[in-house]
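Common to both upcoming complexes is chain A, partnered first by chain B, then by chain C.
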Partner chain A sequence: MSTRVVVDPVTRIEGHLRIEAILNDSNHVGDAISTGTMWRGIEVILRDRDPRDAWAFCERICGVCTTVHALASVRCVENALGIRVPKNAEIIRNIMFLTQMVQDHVIHFYHLHALDWVDIVSALKADPDKTAALAQKVSPSFPLSSPGYFRDIAATLKKYVDSGQLGIFQNAYWGHPAYKLPPEANLMAVAHYLEALKWQKEIIKIHTIFGGKNPHPNYLVGGIAAAVSMQSDNAINMERLNFIKDLIDGATQIVEQMYIPDLLAIASFYPEWTQIGAGLGNYLVYGDIPQNGISDVSKFRFPRGAILNKNLNEVLSVDPTDASQVQEEIAHSWYEYSDGKTSLHPWDGETSPKYTGPKPPYKQLDENAKYSWLKSPRWKGNAMEVGPLARVLVGYASGNTEFKDVVTEAIGALKVPASALFSTLGRTAARGLETRLAVRWLLDEYNQLVANLKAGDSATADTSKWDPSSWPAETKGYGFTEAPRGALCHWIHIKDAKIANYQIVVPSTWNASPKDGKGQRGAYESALIGTPMADPQRPLEILRTIHSFDPCLACASHVLSPDGRTLSEVVIVP
Partner chain B sequence: MTSSRGNSFEDRAPFLVLGLGNTLLSDDGIGPALIDQLLHEDQRWKNSIEFLDGGTQGLALLGHLSGREGIIILDALAMGAPPGTTRILNLSEVFQMGARRAATSHEGNAGELLTVAKFLDELPDLVFVVGVEPQSTATGYGLSESVRNALPVAADRVRELLAELNCPSLFKASPELSAMDRYDGKGASEKPA
Partner chain C sequence: MNKPFSPASTYDVLRQHGIDRRDFLQFCITTAAAMGLDAAMVPQVVSAMETKPRIPVIWLHGLECTCCSESFIRSSHPIAQDIVLNMISLDYDDTLQAAAGFQVEEIRQKLIKEHPGGYLLAVEGNAPTADGGVYCTVGGNTFLNVLMETAEHAKAIIAWGSCASNGCVQAARPNPTGAKPIHELISGKPIINVPGCPPIAEVMTGVLTYILTFDELPELDRIGRPKMFYGQRIHDKCYRRAFFDAGQFVEAWDDEGARKGWCLYKMGCRGPTTYNSCSNMKWNGGVSFPIGSGHGCIGCSEANFWDNGPFYQRLSSVVVPGIEATPDKIGAVLGVATAIGVGAHLTATVAHRLSRKPITDKDQPTADKTEQE
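And now, the complex of A and B:
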């Protein structure tokens, strides 16, 4: 008899990620299914709208990913219309992209993922003096490491816990046997969680400055919406650029002196997690951060490419426009395609929902039938993982020295081989490593911008093709980016100056996809196979692996409701 | 930790009215829709209150909460009441329902946002959520009819609440407010003129 563990953070109205894991007799995951429980179909909203407005709708798709959807959207319209954005616009977009990546990765680590490894309640037992000694050892140059500082943090935490409102910390699995950090490391992590939250309020001001406002910064087909002038009071001027430089320096300190030392310190307590959660071993990266226009792939800071079967000796070339490469299947998805087709390239994509699952609330889904609102994107027929690990591996396997250096340093510090990256912990570490690169690139892009402005170039947009009368009657385009969670692409079909079709394949659709027609599992499903469970009633291990991908399915309805307290409903189905 | 340099473009109003919700998911967009109403009608507040469409930004909105004297959040609130029903919750009532550790970093409901702000000790004493019962949160741009019809009533509730909050800076910055608007402690019966 097998046990089925259902992890479903679904509240009454929302549609979220649901995982059903089937355990074998030794409480290891033998099979798993990953389900998106709500139909999104944002594409339908975009049909017949003005392509120049698409970004403003796309920006609303996801709460945290506003900027990447807006970026992919303006890029796909620019690609369709043959627009090349000016140098300043390219740099400013890169700065906004990198700002979001750094902010998002740090918050993912401290606010979401650290609690899978850090036992907050155990932190109450920590000795502030010993915590200070530990912090000074882990990161000697980080200024916040005095016993008094940690005493204050401990008092704040105690007051919060004593108030009986654990709030953000409730419903975790405190005291679970899979937690291994000593109380002092837990207290240090709590302190840095607070620092991370305070810091992220600052860094995001870069979006306010360049995007005109935040949240929902302004984008523009053809460039950026803001004016830049070293002298003017009403434009991005030297005063504001100096402020941005301070924010970048602050981000560098947080990443180099807090995030990375914490990541390595926590990782050192969980060596077994370099052996768990590898998953597919196939990685896909569209690439991003152009240095010579979006069409010059060879000059991207994040190299484009694919890796199959963990083979780091070969990086395969990728073309998102090639219909033989990217296809979306629906063998296990609640959709139907016209004429009985089983897979489509996104340019020909269809969004026709057809729900055939059980009536909610249901106890379990049938993995042999259709079981998800997510389609199954495949690259040359292969299920692929996208995201930080894919980017770091493609960069590393491409021979790029920046990637090689950060990987070598990290695996040296942890005394593990490079193959340790193929794991849950490797995925989490890769996110940190690319954040190190991102803060360096942020400073470099900033310096490029200042130099370009000082050289007298103040162009921020090419509006020569703004008027639809200059457009062809019919055209297609695609716009990609490397969102924090991985490869993101928008495909557009413009006809008579309106959107005839718009398809989006988001990173979490690659990672959380259901099985395809050949029965190949998606990345989440595959990564869960073989995971040992200490206590199936409290499936901390499943959360560790799923959270290592930074899932993005709840970027949806956020309604407050009385039953919103449920972290996960764990149902053991015999 | 970060910048110590002053930046003149960061002056902020003492009060924040923050709309939360996803405008692509029909009634989930009630918060931004209410902001739209209030923003266009309530010019008299403009120096003392910032009206902000927060979308579903979640924790990225923390920076907008700090340094305020009062915060009113406009949100969809699913209590099983008839669609369009408007309720005002105080902070402890909010914490009773929505506060939790998010399953992803993307949830951004009022409960999580306020809980984290509370933990950071950055919430003023005056915090309220004005919630409207949704009919549908299915994919679609625009509100359902019942919720759209409830918008003026919900907007009035926000105005009443603002008038009730007897906060000096709110009124100092809004000289056009009549004496009627000033709350005398007897309840919410006296509506702004």
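And now, the complex of A and C:
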């Protein structure tokens, strides 16, 4: 008899996600469905608005990966209007992008994912002296490693538990047989959970300096709004640059001396998780961090490309401007297409929501019927995984030495082959590895900014196309980025200086998508197949794999337009 | 609010039942003995009985983007750790909760049952009301139902951010899901609106700690916002205000005025019509705020700000006199500026400056009814 495990809400994610897993007789996941349970309709709201305002609306798609939709949106409008942003603006956007990626990945590891591997209650049994010894062994240079430090953390934890009010830690899976860390490793992780919580509010100040606030810093079509002047105390000046440099140095220490050592230490206790959760084996990356303008793909720090069937010997070329590459299906999504069509390009997508699920409150969904507010995007007919693992694999398979070096070092430390990356743990590790690259790149971009300023270039915005009277009556464009969770693309159609159509295909839609018409599962669903569950009532193993993707459901489920109108075709301006 | 907010300690409850201190200490000794503790442990029992439990908080997420939670954890004083570990009992929050699925729903149900009227409800996001609420479900139930059920037994409700306070982006024209802010769905409960997209971190923690420290809700304005953070316009506290008064404006992005940090009014800044603490408290531990980093305020804490755009169109079409304007020109402008609002306010201030009269409060017309689309 099969058991059906329902996890709803999936917590420690952004947004609303439901997972139903059907277990076979040996308590392994035999089938799984992933359901986005929320929809907001941002694309419809964007219609008829000023394209220069679009970034602000799009940014509100997500406050966790705040900035990525704003960045994709300003690139989208600039592409439509033929604007190339000044060099300083490109660098500053890269710095903001990398700041976001570093901060978001560290938060994900400690605050959203760690409790899948770390048993907080077990930490109560830890010996602070032994914890200090462990910490000094794991990361010899990290200063917070004295016995007294860990005694304080243990006392804080004990006081909290003794209060009898366990807050967000109550009713969880403590003592679950799948937890493998010794008490000292658990205590160290608890300490770093708190350190990361304190630190994340520091690094993000880079956004405040350039964008005025975080979450949701300001962006600008044509460049950035913050002016640079070394002769002004009311612009980006030497003091602001020093502030940024200091924050980058702090981030480098947190990543190199805390996050990466913790990641490797925790991973070493869970070798079996290099064999679980591989999923699709297909990976898609649009690429990002331009070094010579957004149109020069060959100069991206994150290379573009696709991998199919785990074949690291071949990186396939990807062109987001090729209308035939991306299709969205609705076989299991609560929508209907006219004339019985089964898949459409996003730019002539027609979206008519039609909820046919059970009337809430309901107990379970039907995996053979429609079951999600997410569509199923497919690349050349294939279900694809996007995100850190895809980026690291495409970088590695492209022969990029920076990627090769960090991968080789990590698999050497863990004594596993490169194929171990195709797993839940590999996905979690890849996020750490690209964070290492991201802090190095942050410093490099900062140095580039200083060098460019020193060379006498202080321009931050191209305003030649700011006035709508300079725009063509009709134009189209696209803008992409690599969000923390993966490949993101926006498409716009501007008519008479207003948005005629706006389309977005986001990373978590790729990953969390339901099955398509051919029955191909999405990345979450596929990764869950074969997962062993020690105690189906306490679905820790499901959470491990789902969290390894870092779900962002506000992003995934914003995209649908509800009025049933056929959206006009968008032709991409290369 | 006269009724205290925080939960009572055991000692408080006993005192309310006429038990004096002497009887209370005897009660503690008996309790310690009953628990098998030796006499040395009695002081700890006394302390536990005197200590107030942390107030339970249920933090729900509806249609939103989680920017409010992200802002909350950016707070520099107090830091989020202190609030979560020492000040409140954050019993339900899907973004941070260790448990998932039915285990987490159990917690919510248990709190409602065991602490009716005893927990704070914090709501991030709002509820879609169209089509029976199917546009947001949690645990198979509509968020609308979850919200109503949890609100019914809450002591008070904090509506975090513009989603919960005003509707925000999903409620912008044409509001396809029928998203509604909390105060339009719930009545008969104290509701504190803390608007902003998101609110400033220290405003969020400030509101919460005010309630815990003073054991009452903060004083609210007519639309439910705490006066202590939303009592004045950004414009009135902006360090670039002097440039506005002097007629020195940014005319184009990255122009000379932008590099000198002049006023952003002509670039569409909503500071003159937005009530918030951005220009005095600033963001992320006081590092900067939108205007300070060269972009105008988009008015994200005001109701319907999404539909009051475009953001880069200045608030009034009244001709703005520049610094070179003569008193004669000002007089001409005043003659045609019949509309009240920012434009009139600006001309009035410039006229005052030129006539060297001191500016008083009553000379400044309110700007919250400016000409907007």
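Here is the rule we go by: the second predicted complex is superposed on the first by the 542 of 574 C-alpha atoms of A that agree within 3 Å, B and C clash if a C-alpha of one lies under 4 Å from a C-alpha of the other, contacts with A are read in each partner's own complex, and residues count from 1 in each chain.
Just so it is clear, a residue touches a chain if its C-beta (ideal position, glycine included) is under 8 Å from a C-beta of that chain, and two chains touch if they have at least 3 such contacts.
Values in this document were obtained by computation on a predicted structure and should not be read as measured data.
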Touching partner for A:Q253 - first (chain B), second (chain C), both, neither: first
Comparing the two partners chain B and chain C, which touches a greater set of residues in chain A: C
Chain B versus chain C as contact partner of A:R52, first or second or both or neither: second
Touched partner set for A:D550, first chain B, second chain C, both or neither: first
Partner chain in contact with A:F210 - chain B first, chain C second, else both or neither: second
Partner chain(s) touched by A:W199 [first = chain B, second = chain C, both, neither]: first
Contacts of A:P539 with chain B and chain C, given as first, second, both or neither: second
First, second, both or neither for A:T66, with chain B first and chain C second: both
Which of chain B and chain C A:P360 touches, first, second, both or neither: second
First, second, both or neither for A:L241, with chain B first and chain C second: neither
Common interface positions of chain A, toward chain B and toward chain C: 9, 12-14, 16, 39-42, 44-45, 57, 60-64, 66, 111, 115, 156, 160, 165, 167-172, 194, 197-198, 200-201, 204-205, 214-216, 243, 554, 561-562
Interface residues, chain A side, partner chain C - complex: 6-16, 18, 37-42, 44-45, 49-50, 52-53, 56-57, 60-64, 66, 111, 115, 120, 156, 160, 163-165, 167-173, 194, 197-198, 200-201, 204-205, 207-218, 220, 222-229, 232-235, 243, 355, 357, 359-364, 373, 458-461, 463, 466, 538-539, 543, 554, 561-563
Chain B partner contacts - residues on chain A that touch it in the complex: 9, 12-14, 16-17, 39-42, 44-45, 57, 60-66, 103-104, 107-108, 111-112, 115, 144, 156, 160, 165, 167-172, 194-195, 197-205, 214-216, 239-240, 242-243, 246-247, 249-251, 253-254, 550-562, 564-568
Residue numbers on chain B that touch chain A, as the complex places them: 1-5, 7-10, 20-25, 28, 52-63, 66, 75-79, 94-112, 115-116, 118-121, 129, 131, 134, 137-141
Footprint of chain A on chain C - complex, ascending: 53-54, 56, 61, 63-71, 73-76, 79-81, 84-85, 88-91, 93-107, 128, 131-143, 145, 168-170, 172-177, 179, 197-198, 200-201, 252-254, 258-261, 278, 283-285, 287-295, 298, 300, 306, 309-312
